[in-house]
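Got a structure for you, written out below as structure tokens; questions coming shortly.
First chain written, first letter: the chains are A, B, C and D, and each begins at residue 1.
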Amino acid sequence: MVKFCPPAIIVNFKTYVESTGKNAVELAKKAERVFHETGIYIGIAPQLADLSTVARTVEIPVFAQHIDPIRPGGYTGHVLAEAAKEAGAIGTLINHSERQLKLSDIDEILKRAKEQKLMSIVCANNPATSVAVSSLKPDMVAIEPPELIGTGIPVSKAQPEIVSGTVTLVREVNGKVTILCGAGISHGEDVSAALKLGTQGVLVASGIVKAKDPYMIMLEFAEAMKR
Amino acid sequence: MVKFCPPAIIVNFKTYVESTGKNAVELAKKAERVFHETGIYIGIAPQLADLSTVARTVEIPVFAQHIDPIRPGGYTGHVLAEAAKEAGAIGTLINHSERQLKLSDIDEILKRAKEQKLMSIVCANNPATSVAVSSLKPDMVAIEPPELIGTGIPVSKAQPEIVSGTVTLVREVNGKVTILCGAGISHGEDVSAALKLGTQGVLVASGIVKAKDPYMIMLEFAEAMKR
Amino acid sequence: MVKFCPPAIIVNFKTYVESTGKNAVELAKKAERVFHETGIYIGIAPQLADLSTVARTVEIPVFAQHIDPIRPGGYTGHVLAEAAKEAGAIGTLINHSERQLKLSDIDEILKRAKEQKLMSIVCANNPATSVAVSSLKPDMVAIEPPELIGTGIPVSKAQPEIVSGTVTLVREVNGKVTILCGAGISHGEDVSAALKLGTQGVLVASGIVKAKDPYMIMLEFAEAMKR
Amino acid sequence: MVKFCPPAIIVNFKTYVESTGKNAVELAKKAERVFHETGIYIGIAPQLADLSTVARTVEIPVFAQHIDPIRPGGYTGHVLAEAAKEAGAIGTLINHSERQLKLSDIDEILKRAKEQKLMSIVCANNPATSVAVSSLKPDMVAIEPPELIGTGIPVSKAQPEIVSGTVTLVREVNGKVTILCGAGISHGEDVSAALKLGTQGVLVASGIVKAKDPYMIMLEFAEAMKR
């Protein structure tokens, strides 16, 4: 298994056709190829139904897109941390803007992730909530203003002061958390910009998944990380 | 693939330790063995993370425990019908009492299930809601009073008039839907009782998953179905 | 208190500035004036915070916009049927497309409404869900395709066959429920059209609340009802 | 209007019969009497339907139990900050354990409360979430382990180190927030204990609302605050 070493690219497969089922496996292989060619850490977050198949196929790290704040028991239709782990996840996204959670559930999920040794990436929609979730001591926090998600307008360009300001505020309460920047990242220069603003990586989705040539975009992102 | 032919037993794996990961595969094999020995239709509903592994291993029908009312797109952490289908599901539970849904979402999920040719099993908590969901034309409806779930007190014994009364009411709005009876089913006699009250099968969970010998209980249930 | 007698106009105040606080009282008085001048039943649904003040001021019927499926107890921040009743509500909207509910909660709220003698108006977003909620025996059902809400495009004009088709389907499961038509109603002719399609009234919001002269529009609606 | 001056007692009326409608007004008058006799700040949080009537009757501060993260518009069945304000609220509870919210909604509600000059009391269920919400700069934070709510076992006695530890952690990120202690407070000595552990007041519900003589209990609490 690839060890986590920032700077990092995390690709959120969401529920796009281009990253579902067989397509998820194909996309995962491309991500793996970029990792092998560049040495840049690339994690992928496929849908839960695809998780075990993807995890069996590639050796890059696989994340769940969500787990629930539950312990083993009668919770039909929920996502048990143990199940995600056994299916091959090494971590999980938490509180993505498309799957927002109650504060007490974020807290409980972080406990469950820690117990199952799942790496946690908590998403937050603005500077204030980024600080709040950072105080809960996740492994990573991803800053993603939802109004920019899927727009192709990178948060590092549209609102660079939001990124750098958030980094400053987060560091006041948590010196260790890895800070990712998300929303609208679609070019290598967006990635470089994000790193220059003090983040340690990017969380991307449509910019890669829906690209004409996802392999080339991931390569571009990874190369930009080396600079 | 085994064709659906009532009477049927659907085993809901929920999120129990005994039915997660490797245990899910083992339990699925036992269900398959009972099917082969008795010819009684046995469907299983493992967690989503286990779905593809289980579906690859056994030839009995595999159901998702839940799908979301979404189409392909940006829905991080949600369950896409297409993903469940491609992972091997032939159907899905909907609105289980542990995963209750808005009425408009039940309706939308039924459309999504139909589009993807997924068999739908909608759960309902009492006679009135059983009729309401039956009017939405699912393939199956499962009557499960939540206050009896996991108690070992079968709805067919504790409240036989609820079962038979519900069957009568459901038939007034839907002559075709397969009616399952759930909650508290733990002995072969509960299964026979459920069928005598006019249902075509049972939806069970802890009665089998947490039994000392799940194989023996499933066999007992299947034999009771033949009478 | 004014007795319910269709055809009826129910004005949903939502949370518009024009229908909050003092403005809610003013709008309520205008509705009352139209009732006195035309004899057409006009009900109003102000926000909960305005309910008691409005109910004390006018004699036309006042509805809550929502109540919760709870009994007296520890439910901070929820809406108790008893509280809405004592504040002066004679009924309540349920499951409005902006406040959609789980099926089992709709069922439970209907029980609570009945116990407290609150008239129930359940909203539904399409023909299938209209039938489903009608089977739960509410006093009224309001057909409101959410895609038309606030557009000024009346459902009775954009999709007349949806209205008439829904009326036919609803009548198969419930001969007594009062059927209202909502979404996009903004002219007297929309009201007449809705009645001709088999409904007994309209549920309106922005068409009246945000009109330049709400009194005149309500008068126009009421006159259209007499034809 | 009474100015906020800790130490303070906030009485959450929840949705108990004893604090609904006319009973809410009676209880409010008793709280006001205790304020006049002791000079201790007593705030009350009645249900929304009772808010305007209660606020008109007494001069002690009245809080809403919840407001929604919305601006004026089409939000049927939701609680608009403007409506709570105009009905007489001077503040609001947020994220009570019986009405838990998404993190981003807590953040948005705090903005709405600030805009409307509503005093904010954010509830949190443990030390970690207390710190997280304190970083969002509410006026007050209330520490309430849900497992103790309504038990009569005061958090200040059952888990004194949780209270003092939380105070220490909260002060690291927020030196100004008023810290309240909730859950299980039922005697004057619980109140004194809470203050000694570093809090500036208590948030209570059943201990007062369901007491045989709420006036006497409130008096006991207020006297304990003076020591």
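The rule we apply is simple: a contact is a pair of C-beta atoms (placed from the backbone, for glycine too) under 8 Å apart; a residue touches a chain by one contact, two chains touch by 3 or more.
These numbers were taken from a predicted model, which means no experiment stands behind them.
Under the touch definition stated at the top, chain B and chain D share these contacting partners: A, C.
Most remote chain with respect to chain B, judged by CA-atom centres, is D.
Centres computed as Cα averages put chain B at a distance of 37 Å from chain C.
Between chain A and chain B, the centres computed from C-alpha atoms are 34 Å apart.
With each centre defined as the average position of its C-alpha atoms, the distance from chain A to chain C rounds to 44 Å. Residues of chain D found to touch two or more other chains are 97. The complete set of chain-chain contacts reads A-B, A-D, B-C, C-D.
Put simply, chain A touches chain D in their complex at residues 95, 97, 100-107, 124-126, 128-129, 131-133, 135-137, 173. If you check the complex, the residues on chain D that touch chain C are 12, 14-17, 20-22, 45, 47-53, 64-66, 70, 72-80, 82-84, 86-87, 93, 96-99, 149-150, 205-206.
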